[in-house]
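Before we start, here is the structure in question, set down as C-alpha cells.
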Amino acid sequence: MGAMKSALRILVTGGTFDKEYHELEGRLYFQQTHIPEMLRLGRCQLEVQIETLMLIDSLDMGDAERARIVAACRAASEERLVITHGTDTMERTARLLGPLPLGKTIVLTGAMVPYTFGSSDGLFNLGSALAFAQTMPPGTYVAMNGCCFPWNDVRKNRVEGVFEPRSADAPGAGA
Amino acid sequence: MGAMKSALRILVTGGTFDKEYHELEGRLYFQQTHIPEMLRLGRCQLEVQIETLMLIDSLDMGDAERARIVAACRAASEERLVITHGTDTMERTARLLGPLPLGKTIVLTGAMVPYTFGSSDGLFNLGSALAFAQTMPPGTYVAMNGCCFPWNDVRKNRVEGVFEPRSADAPGAGA
Amino acid sequence: MGAMKSALRILVTGGTFDKEYHELEGRLYFQQTHIPEMLRLGRCQLEVQIETLMLIDSLDMGDAERARIVAACRAASEERLVITHGTDTMERTARLLGPLPLGKTIVLTGAMVPYTFGSSDGLFNLGSALAFAQTMPPGTYVAMNGCCFPWNDVRKNRVEGVFEPRSADAPGAGA
Amino acid sequence: MGAMKSALRILVTGGTFDKEYHELEGRLYFQQTHIPEMLRLGRCQLEVQIETLMLIDSLDMGDAERARIVAACRAASEERLVITHGTDTMERTARLLGPLPLGKTIVLTGAMVPYTFGSSDGLFNLGSALAFAQTMPPGTYVAMNGCCFPWNDVRKNRVEGVFEPRSADAPGAGA
C-alpha cells in the first residue's frame, strides 16, 4: 500500500489532548504529540498522515495560528481531515473554517483530560472523530462527547465541561 | 430529556473487552461490564441504553447465544445498536445478522486487549463504533481498527490480530 | 486486631503526590488525598492511621504550616510516622524535625509525578517509606528514589530531579 | 560510579509480577521482565543488578528451579538480594533458603496483579522489598502487603489473597 494516497490527515494543534506534566518544574507543558502512540494503542489500520502544526493551548491561539490551520486544511491533499485542538476555543476555529468552500470533511476534536494522565477521554474522542471524518459529507464539524456537531450549531458548556448545540438552554455558553 | 427515546442501545456480550484478572485464582474472567465506566471516561453525552445479554468469550458462543443476540436486536426500540463482542467469532455473528431485514444500523465492536489492563484499544473502538452507529445507513457492520466493514466483507486476520476486508490477500484468514 | 494501637500514622501534607488535573479550569489542584486508595492498591495490611494536615504545594509552606507538622508529630501516639510532602522543600521540613527529641521514627516521602497521572513514582515511594518507617531507629529521614537519607545529609538535586546526600558533588543543589 | 559493587541484586523468577496479556492468543504469558521499567518509574537511584533466572508461574516451580534460585543466591557478590517470585509458592522457596548460612539479606516479593494490568500492587511491593533489603539483618524474608515476614513465620492466606504470620488464626493456610 506504499503508494496509496492517505485516506485521512490529522492536523495536530495541541490542546489538553497533548499536555504533559513537567516533573522538574511541576507544571503542564507540551513536548510532543501522542497521536501516533494513540493510533497504535487503538490498533488503527487507517491510512493516516499526521502533521503537527503547533502544540499550544487554544487560549493562546490568535489570528496567525488560526490562519495556519486554515492554510493547512486547504493544502492537504486528503479530503478528510481531523484537527486535534484545545476545547476552550475549538468552536471559534470551527466557525472560521465552516463557511469556507474547502470541499473537505473536517472534524475538530480534543480532550478534557490530557492523554498522558490516565482517565482521559482522548482515545474515545480520537476513535469517534476518525469515524465521523470517514462518514460525514464535506463540511466542518466538532466531535466531542460521542456526538458530531455541525460547525454552526455547537458551543462548549463551560459549567458542565461538555459540548452541546448552541440552541440548548444552558448557562455558561461561550462565544 | 427525560422522556426521550434512547438514541442508541449497546448490547453487551463480553469478549476480551470486558475480561478481568482474577487475582486469587490467577486467571481471566468476567465479573461485570465496564461499558458504563468507559462511557463516563469518554464523557459521552449520547442517550445510551446498556443491555448486558451475556458475558462470555466469543469462542464459547453457540447457536443459542447467537439466537439471543438476534432476538435482542429485533426487540430493541432503538434503530441504532452497538454490540460488544469477542473478536474471535465476531464475523460469524455479523454474517448471521447481516441478511436479516431488521431496518436497523447494527455495529459490532470489540477489543484485542481487555479494558481493565491499560494499553487497551477498547475506548478507541467504543468511540469509533458509537460514531459509525450514528452515521451508517441500516445494515450490519464491524467497527474495528478505526475502520467500518460491511458484514459481508470482513474477516479477522488471526496472524496480525486485525480486521480486514475478506477480499484482502492475507494469510491466516478465518471463516 | 480491632483494639490494637496503630503501628503507623501517615501525615498527609499534599505535594505533587496528591495533585490532580482540574479539567474545567485546565490546571493542577488538590481535591483529596489518594493515600487510602494507594494503600488499597498495594494491598497494605499494616495498621495505618491517615491524618490529612493540609493539601498544599510545599513551595507554599511557611512557618505556620511547618509548625503544624511538628505539632502533629509530637501529638501522634504512634512511634512510627510517614509524612507525605512536596519534594521542593522536603529537606527543609526534615531539618526542622531532625534535631527535635521526639523519640519517633519519622520518614518523609513524596513524588515527582502526581499519583493520578500514571507513570508515577508515588506507589513505589509509599511502599519504600512505609518499610523504612518500620525498620529505622528513631530519627528523621527522607525516603526518595529507593534510598533512605538521614535528615542532616540530604538535598534535592534540582537539575536531575532526584535526592542525594548533601556531600555529593552535584550542580543545582538546593538549600 | 562505574566500578562500584552493586548494592543490591534483584533475582527475577517471574510470577504474577511479570505476566502479560497475549492478545493474539487471549491468554496470560511471560515475555520479559518489567523490573527495569518499574525501577525507572520509581526513579530508583540504588545501584541494582538485575538477573533474570526464569520467568515462570511459581506453581510450575520444581526442585530444579528452586535449586537454581539457591545457587544464584550463593553466587551473588551482593549481600542484599530481592527475589521476585510468584505468590503461590513463595513461602516454599523462603523455607528452603531460610535455614542456609548464606550471610545475606534475602527478601522475596511478588504481586497479586500483573504490573502490566494497572491497579497493580507490584510497584508498591518492589519499593517495599528494596527498602527491607537495605535495612534487615542477614536472613530470608517475605515482603508482601507492606509487611516484612521472617521466612519461618509466613504463609499465604489463599482465601483473602494476603500474606500473614503462620501463627495467625485464619482459614486457607497453605503449606
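When the chains are written out, they are named A, B, C and D in that same order, and each has its own residue count from 1.
In this text, a contact is a pair of C-beta atoms (placed from the backbone, for glycine too) under 8 Å apart; a residue touches a chain by one contact, two chains touch by 3 or more.
All values derive from a computational prediction rather than experimental measurement.
Any chance you could name the chains that touch chain A and chain B both?
Intersection of chain A and chain B contact lists gives nothing.
If you average the CA coordinates per chain, which chain's centre is most distant from that of chain D?
A
Work out which of C-D, A-C or A-B repeats the contact pattern of B-D, with more than half of the residue-numbered contact pairs in common.
Checked against B-D: the matching pair is A-C.
Give, as an integer number of Å, the spacing between the C-alpha centres of chain C and chain A.
39
Provide the C-alpha centroid distance between chain C and chain D, rounded to the nearest whole angstrom.
So the centre of chain C lies 26 Å away from the centre of chain D.
Rounded to a whole Å, what is the gap between the Cα centroids of chain B and chain C?
So the centroids are 45 Å from each other.
When you check chain B against every other chain, which residues touch at least two of them?
Touching at least two other chains: 112, 119, 161.
What is the complete set of touching chain pairs?
Pairs satisfying the touch definition: A-B, A-C, B-D, C-D.
Can you list the residues on chain C that touch chain D in the complex?
Listed in rising order, the residues of chain C that touch chain D are 38-39, 41-46, 112, 119-121, 123-132, 134-136, 143-148, 161-164.
Which residues, counting only chain D, touch chain B once they are in their complex?
16, 21, 23-24, 26-28, 57, 88, 112-114, 116-119, 158-159, 161
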